[in-house]
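Alright, structures below, take your time with them.
There are two complexes below, and they share chain A, which is joined by chain B in the first and by chain C in the second.
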Partner chain A sequence: MDFLNALVTLLNFVIIPATAYGAQLALGALGVTLIYGILRFSNFAHGDTMAFGTMVVILCTWGLQALGVSLGPLPTALLALPVGIAVTGLLVIATDRTVYRFYRAQKAKPVIYVIASLGVMFIMNGIVRFIIGVDDQRFADGERFIISARTFREMTGLDEGLAFRTSQGLTIVVAVIAVALLFWFLNRTRTGKSMRAFSDNEDLALLSGINPERVVMITWLIVAALATTAGVLYGLDKSFKPFTYFQLLLPIFAAAIVGGLGNPVGAILGGFVIAFSEVGVTYAFRKVVTYLAPGEWEPEGLLQLLSTDYKFAVSFGILLIVLLFRPTGIMKGKSV
Partner chain B sequence: MKKILLASAATFALGGAAMADGHGNSISLGVILGFTGPLESLAPGMAQGAEMAIAEVSDSGLLLDGTTVTPVRGDSTCIDSSAANAAAERLITSDGVSGIVGADCSGVTTSILTNVAMPNGMVMISPSATSPALSTLEDNGLFFRTAPSDARQGVVMAEIIMERGIDTVAVTYTNNDYGLGLANSFAAAFEAAGGTVTLVAAHEDGRADYSAEVGALASAGGDALVVAGYVDQGGSGIIQAALDTGAFETFVFPDGMVSQALVDNFGSDIDGSFGQNPGTDSDGAAIYQGMASEAGFDGTSPFSAEAYDAAALILLAMQAAGSTNPGDYAMHVMDVANAPGEPILPGELARGLELLAAGQDIDYVGASAVELIGAGESAGNYREIEIEGGELVVAGFR
Partner chain C sequence: MTTAPDPTRPSATQAGPTRRLDTRAVLLFALVAVLFIGTGFLQSWNTTLTIFNMGLISAIMALGVNMQWGYAGLFNVGVMGFVALGGLAAVLVSIDPVGEAWAAGGLQVLLGLVLGAATIVAAILAYMRLPAGRLRTLVMLAILIGGFFIFRAVFDAGVAAVEAVNPASTGFLGGLGLPVILAWPVGGLLAAGAAWIIGKTALGLRSDYLAIATLGIAEIIIAVLKNEDWLARGVKNVTGIPRPVPYEVDLQQAEWFLDLAARIGANPVTFSSIFVKLCYASLFIVVLLALIWLSEKAWNSPWGRMMRAIRDNEVSASAMGKDVKARHLQVFVLGSAIIGMAGAMMTTLDSQLVPGTYQPLRFTFLVWVMVIVGGSGNNWGAVLGGFLIWWLWIQVEPLGLGLMQILTSGMAEDNWLRNHLIDSAAYMRLFTMGVILLLVLRFSPRGLIPER
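Coming up: the complex of A and B.
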């Protein structure tokens, strides 16, 4: 019984939250890594692309809710997701046409792209705040929990509760589907293969007749889909606030770099490494140990490796170590 | 032709001077609040309170022989000291304000006071900076606040929690001057009263994920979680994560959390939670709320009454000193705020001005029952609130 209690505590406070957060980071990092692999620059506007897509989805969701449309236990936002992806796709392609294509024609250095993307980031930042405002927006509806802590306690008779939210379940399921689709696309379809060829060696790809503008456009569309999906899942799980999405950029980049920039598998791995290190290293294990320890013994302290103040330091510590010893990331990506 | 031009120019000039004479002098007051940033949902109610007092005095025509007063807003951002300093610099050097109502958050208030207000000899009255550190900060007698120090709030919160039969709590605070000051004063008061604080942990605002913080707090345990944060920021994130994991069901909300946004966000999920924010059930508070709803805003919005009082105190002190120069009227702020004298409620500012002009003493009570103690801070009246059926309910005053 005590063993079960310990396991449930660990699941409730570490494993489930970290898995959901990791899936959100992984989807974000996939977008960053695709841009890096194919367009060869770090896209700082990614967090705000997520915010823009989520904003469109929220507006559509409100429209649907006003019309009385709902998905029953699932959040209505899922219905609005395709619209959000389409509008975000249009926005990023428009950005590419007006900003990045100019630098591509100039064969500009990557650092110039990065600075340009910083500018794009501020503009998107402004657009989102202008349209939806700076406040917190909540748009999750439907059933909030697959199983709530209280129901779990009543069902099992354990002392500890286990909460599993619909948004967490949804995040994991959608992330798995999105990643499976992406890998199928990259490995099995002609367009996907041409994207990989373009990423591996641009000159050879051009010689073999691959149309670069087409590859770039499809990349942006996929990135828009990934960013919007990640943003909506994150917003459903927590809440939507433009400033927080801007801040998400840090853990997302950390995830992409730890995993290996340009490597999709690495991005997913990186997302989970960052999420688990943030939640796991700073977790106070007292309760778990109390359950596992024999008899009535209870540890004095909290058994916390590091205070939660340091959770960002943990993920950036990992980032530093990886960059020092494996500059290309855990999975072999491009060196930064 | 030339003569006609000259003549008409002269007429205009004379006419202009005559106009100015008819309206007396005019001064402006700065209102520096966080119109953007973590407290942006509270700033409008505070600014409207201050501006209402300014308009009341200005329209009465009784301040120093009909001096008119106009408010000038500045954005403190609540968190960005350099932006707040720049806003205060602008108000003082470019707009030429004669006093400042503000700032709102403790960190930027300290920064403006030491870097801008003191070098310029400017009086500041903050309606909402509550950090205990401001009580002992060197201020050349220029700084006052109509909000009480959190040292007091910590004691009140400890009493409220104890009276509800809860004796172990975990505390999380937003990592800044306000949060740390409040968390420390509360922990000290709670332990002195025989309670146990299992963990005091900081949280950063605007972060992506709070499961780590909630995990640690849950592991430490406690019957309730004290959230000394901001409702527009990490405070709500912490509550959401704690509710979702079932870590805590009862929360205690200090002033930064008590707002309509709290119940808008969580509704009946936080039923049974409670907290306190500055407020009174004095006659002044009721009158003020009436005046505010007439003016079209919510007078119960946190620190709105304190902002009205801050602006009123500056203007009454000017009348008492017979000067709009900050150096002259600063020493009169305490006199008009405290007994002895005729009590002055909100809406009676004109009467206060008349009495002062006649050389009599007044005791400004205002909307928040102002009583300045120590180095010029409110003694503190708190409103205890409860969440019941998804609504904020006033449970009492202390």
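Coming up: the complex of A and C.
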């Protein structure tokens, strides 16, 4: 019984939240890694692209809610998601046309793209704050829990409850669908294959008649879809605040680098590595250990390795370890 | 000089600024001067001086970033962290020590920190001395995990004792109680130390890695400042950092000052505040001029040529026997030290350390806009960018508000769109900075005053 209680506690506070968070990071890191693979630069505006997409979805959700449209137990934001993706897609394509295309024609160095992406970041940041402000926005509706802690206790008779929130379940399901679609696209379709070819060897791809502008445009559209989805899922799970999305840049980059920049499988793996370490290191294991320990013994401290305020330090620490011991990431990524 | 100097062979006898009076640079500096003086006439001289003082500090930060980016092509987006370390130095140097807190657990906290550092050093030694294999991994893990728990046991108890001492007003160890000017070089040293650690790990890898590593370390430094109350009171802030210049209230009592105010016919209260700002400005100008002089000397020296050679072609530079990694580390540490110094100066100017105000957009990316707009690889360009962008950053807000008021003047008073637009006008500055950065990068990629 104690063992089951310990397991449930662990599931409730570590495994489920970390899986959901990991899925959100993985979607974000996939966007970063695709840009890196195709356009060959680190896009600092990615966090703000996520914020922009989420903002569009929130505005749309509010509109739908005002019209009385709802999805029953599921959040209305799911209905608004395609609109968000479309608008974000338009924005990033417009950005590419006005900003990045010029540097592509010039064959500028990657770092010039990065600096341009800083400018884009400022602009997107300004737009988001201008339209929706800097405050927390909640837009989750529908059923809050798939299983609430109370129902779980009644069902199983255990002391510990297990809460499984709709947003967490939704995150996992949506992320699985998105990743499956992405890999199907990259591996099975002609366009996807041309993207991979372009990423592997630009010159050979050009030689075989692949249109680079088309590849770049499709990449941006996919990135917009991934970023908006990741942003909406994160916002449903926690809450939407422009500054938090900006700060997500660090764990997302860490995930992409840990997995191997430019490698989609690596990005997913990296997302979960970062999420599990972040949650695991900042969780106080006292309760779990109390259940597992024999007799009445209770540990003295909280058994928390680091306070939650230092969660950035975890992403950073992992990043540092990977940089030192395996600079191309867990799965082999590119290096420029 | 009538002939344009050959950029590859600057003569050592000619000092940078006087070598060739660049009309473009002079005009641009004159324009910035007009902007500041115009602010003085249209708004107030107090405002002008406030912007000017921060402009001086921004110019120093831009010099530091320019040293890393312009001289060596290193992409550092952790400026905020180094600025904050400088701010910490101002607290650690100038605030009086809290005797009670030291008695309660100061030494224990220090012992904990030493143990933590010793753990890391031991792990590194084990890694370097033992042969590669499973044994090495196990020994390293054992040292790290064991060391971590010992560190936490000693450190946490000390921290709890220190923070329990009168938490409402102190609850921290305090500083050394020395003159605050000393904090400026100390801030530089602190930042240099942090830069050395980052540089050791992330330099020599791809440029993106340095960017992410610096971005991360900056966030961690801010997290430490916010959460380690024993160090600098965390989010409770440290206020009342002593000044290197007189206080307004003292001036208003002083005989000589009242005489002076009467002689120039100024209101003593307004004049005292202007006088204090002028004192700060003169201190900052001295530092800025010294740094420009040193930077120009370095730029025109064989060392500067070597840095540019490395920047432009690492492979050939290392073929010529230059140690690229060591030189990168050197210039990274130097640039960070300058930024740290600017951070200490800023905290001195504010007389307080407020960790919550350190935002990456303001302290990292804005400095980058300054360097790119001003002209990377040109110290005068970086300084110009510092002043110009800082002025814009401050002035875009009222300008944006005015613009919104004109745009919405046709709407009803209680129109939600009108209220929203006016409330959000403040965020126009982010948008404007982005547009300026992109425009300059596109149409004048070498900046307003390009590298010579």
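Just so it is clear, the second predicted complex is superposed on the first by the 330 of 336 C-alpha atoms of A that agree within 3 Å, B and C clash if a C-alpha of one lies under 4 Å from a C-alpha of the other, contacts with A are read in each partner's own complex, and residues count from 1 in each chain.
Basically, a contact is a pair of C-beta atoms (placed from the backbone, for glycine too) under 8 Å apart; a residue touches a chain by one contact, two chains touch by 3 or more.
Since this is a predicted model, take the numbers as computed values, not measurements.
J.: Let's test your reading of the overlay: on chain A, do chain B and chain C clash or fit side by side?
T.: With chain A aligned, chain B runs into chain C, so clash.
J.: Touching A:42, do we find chain B (first), chain C (second), both, or neither?
T.: second
J.: Could you tell me if A:110 is touching chain B, chain C, both of them or neither one (first, second, both, neither)?
T.: second
J.: Classify the contacts of A:148 with the two partner chains as first (chain B alone), second (chain C alone), both, or neither.
T.: In the superposed model, A:148 contacts chain B only, not chain C.
J.: Between chain B (first) and chain C (second), which does A:97 come into contact with in this model arrangement: first, second, both, or neither?
T.: The answer is neither, since A:97 touches no partner chain.
J.: Based on the superposed arrangement, let me know which partner A:307 touches: chain B (first), chain C (second), both, or neither?
T.: Both: A:307 reaches chain B and chain C.
J.: Identify the partner contact of A:193: answer first if only chain B is touched, second if only chain C is, both if each is, neither if none is.
T.: Once the two structures are laid over each other on A, A:193 reaches no partner at all.
J.: Looking at the overlay, what does A:319 touch: chain B (first), chain C (second), both, or neither?
T.: So A:319 only meets chain C here.
J.: Which of the two partners, first being chain B and second being chain C, lies in contact with A:247: first, second, both, or neither?
T.: The answer is both, since A:247 touches chain B and chain C.
J.: Check each of 57-65, 111-119, 309-317 or 381-389 in chain B against chain C and return the one that clashes.
T.: The one stretch of chain B in steric conflict with chain C is 111-119.
J.: Can you list the residues of chain A that touch chain B in one structure and chain C in the other?
T.: On chain A, the residues that contact chain B in one structure and chain C in the other are 247, 307, 309.
J.: Report the residues of chain A in contact with chain B in the complex, numbered from low to high.
T.: Touch residues, chain A against chain B: 9, 12-14, 17-18, 21, 134-136, 138, 148-150, 161, 163, 165, 234, 238-239, 241, 243-244, 247-248, 251, 275, 278-279, 282-288, 302, 304, 307-309, 311.
J.: Which positions of chain A touch chain C when the two form their complex?
T.: Spelled out, the residues of chain A in touch with chain C are 41-42, 44, 99, 102, 110-112, 114-116, 118-127, 129-131, 133, 246-247, 249-250, 253-254, 257, 261, 305, 307, 309-310, 312-313, 315-316, 319-320, 323-324, 327, 335-336.
J.: Which part of chain C faces chain A closely enough to touch in the complex?
T.: 73, 75, 77, 148, 201-202, 205-209, 211-213, 215-217, 219-220, 223, 226-227, 360-361, 365, 368-369, 372, 423-424, 427-435, 437-438, 441-442, 445
J.: Which residues of chain B touch chain A in the complex?
T.: 36, 40-41, 175, 199, 201-204, 206-209, 211-216, 218-221, 232, 236-237, 240-241, 244-247, 261, 265
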